[in-house]
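Structure, as structure tokens:
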Amino acid sequence: MSDTTATATTTATAAQGRRTPRRSLVAQALQESFFAGLLAAVLASFILGVKTVDAPGGLQLQYRWHWVLYAFAIVSVGRFLLILFWWRRDAKLPAVLGAASAGAGRAIAPLGKWVGLALVAFAFIFPFMPFTGRYELDIAILVLTYVLLGWGLNVVVGYAGLLDLGYVAFYAVGAYSYALLAKTFGLGFWTVLPLAGILAAIWGMILGFPVLRLRGDYLAIVTLAFGEIIRVVLLNWQSVTGGPDGITGIPRPTFFGLEFKRFGENTFHEFFGLEYSPMHRLYFLYFIILVLAMITFFVTNRLRRLPVGRAWEAMREDEIACRSLGINPTNTKLTAFAIGAFFGGLGGSFFATRQGFISPESFTFIESAIILAIVVLGGLGSQIGVAIAAIVMIGGFEVFRGLEEYRMLLFGLLMVVIMVWKPRGLVSTRMPTIFLGKEKKAISSDYVGEGSG
Amino acid sequence: MEYFLQQLINGLTLGSIYGLIAIGYTMVYGIIGMINFAHGDIFMIGAFISLIVFLILIGLGVTWIPLVLLIVLLVAMLITSAYGWTVERLAYRPLRGSFRLAPLITAIGMSIFLQNYVQIAQGARVKSLPPVITGGYTLMEVDGFTVQLSNIQIIIMLVTVVLMGIFAWIIAKTPLGRSMRATEQDSTMAALLGINVDRTISLTFVIGAALASVAGLMFVLYYGVIDFYIGFIAGIKAFTAAVLGGIGSLPGAMLGGLIIGLIETFWSAYFTIEYKDVAAFSILAIVLIFLPSGLLGKPSVEKV
Amino acid sequence: MSRPILSVEHMTMRFGGLLAIDDLSFVAERGRITAIIGPNGAGKTTVFNCITGFYKPTTGRITLTHENGETFLLERLDDFRITHHAKVARTFQNIRLFGGMTVLENLMVAQHNMLMRASGFSLAAVFWPRGYRRKENEAVDLARYWLDKTGLLDRADEPAASLPYGAQRRLEIARAMCTRPVLLCLDEPAAGLNPRESAELNELLMSIRDDDGISILLIEHDMGVVMKISDHIVVLDYGRKIAEGTPQEVRNDPAVIAAYLGVADEEVEQVEQEVGGAS
């Protein structure tokens, strides 16, 4: 009897307790939203509210104070909704989303093999799907290029824990190597491809050697500087690189000597007795990058399970302990740098042959930032995560093509939002490289180190 | 010799601007150990706000330049600080104590966001402003070559020196400065002793942004040409300056700024202007490799 | 008797103005457990860091001699080369494991150099893994041996950071042993262990000495451990050697007592007289 009363009272107080803060919560939310909006209005005032316009006789001003009002409205309403549905302690939305993503991550990690195989199978039949047109194929090629680059950079940042902000330098080395070797010496794509990779790897070692002693953020900034140096050199070394005009007329790849041209000798469509179609080359490019990406996956995945890969990860966890076990830190880091650079070079070669034209404009810091974002958002060290992130980021980026100039804005915003929401990336668990027992369990990200870089 | 002197003056002016930006980097790095990648873009925003407020005031018919500049300075500092505060609040604070790469990524994201935000709002075209402060002194005249010290150069160096003085005073003597130094040493301990660490860090960003906005204003006045992209290169160079001077050290940031400004100017003057950025970046690499703690920084000993 | 495995001669280490080690000389005999003890700040860990190459001594010579007579001058080698070529392994005072890797992976990393060679520097094994698999199995067998010996066999697939403290200490020893050292340097292996774990540690260390024939150099605070298992003890205070000998000798050495009890130098003589009757 007394038990029931007690329970009843508890429920009553609990209900009351829940009701009282609800009212004040709304009031508080309104107040906070108002101030957030006010801040947004201040921020927007002179940047959004006034536009400078070129006019004869100097800059003219165009007032559009209503934009400030919009900023106020969007931010305050957004903040209000966030407080009510996201930040509240008993809000269901974040819990549901969090559980879903954690569940997905947990499901993906051990199923990695099957998910991966399914993805690969889909990738192989993708060009022949009824909904795949020229545009879809183009995007798919772009996405695969970034998947390859992401997997390459993942070796450096994800496995070895070295923060490289200048990865685009190796991409550029690969692209220019192919363009110059193919144009100057008439070498074919398949000959130059490994050469370009090796050249990029050598550059990786040349740039890597002096800086690998640096710790974390310093390494990041020096690699960024190197990336910029390479770009500036490409821009100004007119006689070799063509300067800002770049290199045009880069040879396209051939299918065992057969060219993808409408006219000429040894064309692909004549040899196989097909009607000429520009799509043939696109299919061919698609399969080239798919195979290159698969090779990247295979090699990097294997390397992770081999001694050098374990040493990379160990180096990320604790460099001093590594040294105490007889591991040469410079060599280990250099191999990571060189192998990452090698795949960057492959990607660059492919980029050059796909575009037929390259210029320093394609190799800006933004490119490095995008690749790094893919690796970090996917989950450092997780190859599946990197692939998913590349599809989401690059695919999403292309979907928003209609928005033109707002794309990069959204891209930057997305980077911030995803990071704040999931700092360790989409797939944050780590799969061990060897097991003694039968059960293969992934390691929670709580234990995994993040490296000195 | 005259040419050299002229370049020296130009280099010191440029260096002052870098130095002011570098302080923002060095303070943030000192206090929370992260590279605030968006700081260069905060400087760019400061420059834009300065330009726009300046044009508004001229449009309103305020023509007494000292008054105009004072108002521009105050408004730019205020609003740019609000940007600095907001960036910290949105992109860095939620990630404090989390995975160390995360705030770096959000910083890069913020940098991309701010650049495109200004590009959309103000257009991608270069904005130019005719010289506002003209005149100057001819220091020397030999064989038809003159060494000029213009008024704007004097103002830039003067403002930099005054701001440095105020800033050094804040750090050394005020309770805020004491909280900042304590947080830098050990933020957990500082929090235990009743220092509001979050607020201290916020104020660090606010001060850094305010100084960057001053640099932005002076950049507008000195060069008269800005676009949404100036923050990136200036940011890297200012960071280089901060590292060169020894990150975490305020006089170091100023010294580093001056050295970078001088190197860049002399390189452009005596070698090739195209490769001036390469010179600055190479200096960065060389300093980090051979003198990782910078000129005035504290050397760190590896703990085993 | 063969030459001692390790001999330290006139080693001095300065950090700026601070004299951390002052003209230290001692030897560690082969197949024995040699302990370095001393009050806090006596410079014990610095001695270790010099021997294992993490610091370079200001002056002095550190010679390691293998059983076949091959000698290494440790003060001239990089830290990782000391482990690789001279075969000196170490543990750390504040445990340094690869927390995000499993226990077994930790032990595999320790066999890095052997496996690197077997895998053709890993690059060959990407495409031709067969020969490497055999070597890897050997490495797993060695790991299994040490896991068994340290009682970690059933936790082999768990992340190292998830182990309890005592197990982490043992894992660090197992990992050091997987580098196949001739000299094992342990920096306070008993710190933070409960009495039972500490007793198990004694067993383990004695077994490493007797069954595996590895010489051990030990820094320890826990006198229970030191006195029970050490064959030879070196006592440091303020970077200088103040005594050395068997546990029995050291225990009764007045200078040692003075150092531990914090008696000023002038009073040592007096303490000596007081204790003198006992020895």
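Letters are used for the chains, namely A, B and C, taken in the order the chains are written, and counting of residues starts over at 1 for each.
Note that a residue touches a chain if its C-beta (ideal position, glycine included) is under 8 Å from a C-beta of that chain, and two chains touch if they have at least 3 such contacts.
Everything numeric in this text was worked out from a predicted model, so none of it was measured.
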item	value
Chain whose averaged C-alpha position falls nearest the assembly-wide average	A
Chains linked by the largest number of contacting C-beta pairs	A-B
Farthest chain relative to chain C (centres taken as mean CA coordinates)	B
Chain B-chain C separation of Cα centroids, rounded to whole Å	50
Distance between chain centroids, defined by C-alpha means - chain A, chain B (Å)	30
Computed distance of Cα centres, chain C from chain A, in Å	44
In chain C, residues with contacts to at least two other chains	54, 92
Residues of chain B touching at least two other chains	302, 304
Residues of chain A whose C-beta touches two or more other chains	320
Contacting residues of chain B [partner chain A, same complex]	29, 33-35, 45, 48-49, 51-53, 55-56, 59, 75, 79, 82-83, 86, 90-91, 94-95, 98-106, 108-123, 125, 127-130, 232, 236, 239-240, 243, 272, 274-275, 277-278, 281-282, 284-285, 288-289, 292, 302, 304
Residues of chain C touching chain A in the complex	52, 54, 79-84, 89-90, 92, 96-102, 104-105, 108-113, 115-116, 119, 121-123, 125-126, 129, 132, 136, 140, 144, 147, 153, 156-157, 159-162, 175-176, 179
Of chain A, residues touching chain B in the complex	39, 42-43, 45-48, 50-54, 58-59, 61, 157, 163, 210-211, 213-218, 220-222, 224-226, 228-229, 232-233, 235-236, 320, 365-366, 369, 372-373, 376-377, 380, 405-406, 408-409, 411-416, 419-420, 423-424, 450
Chain A to chain C touching residues, read off their complex	299, 302-303, 306-311, 313-314, 317-318, 320-329, 335, 430, 432-437, 439, 441, 443-444, 447-449
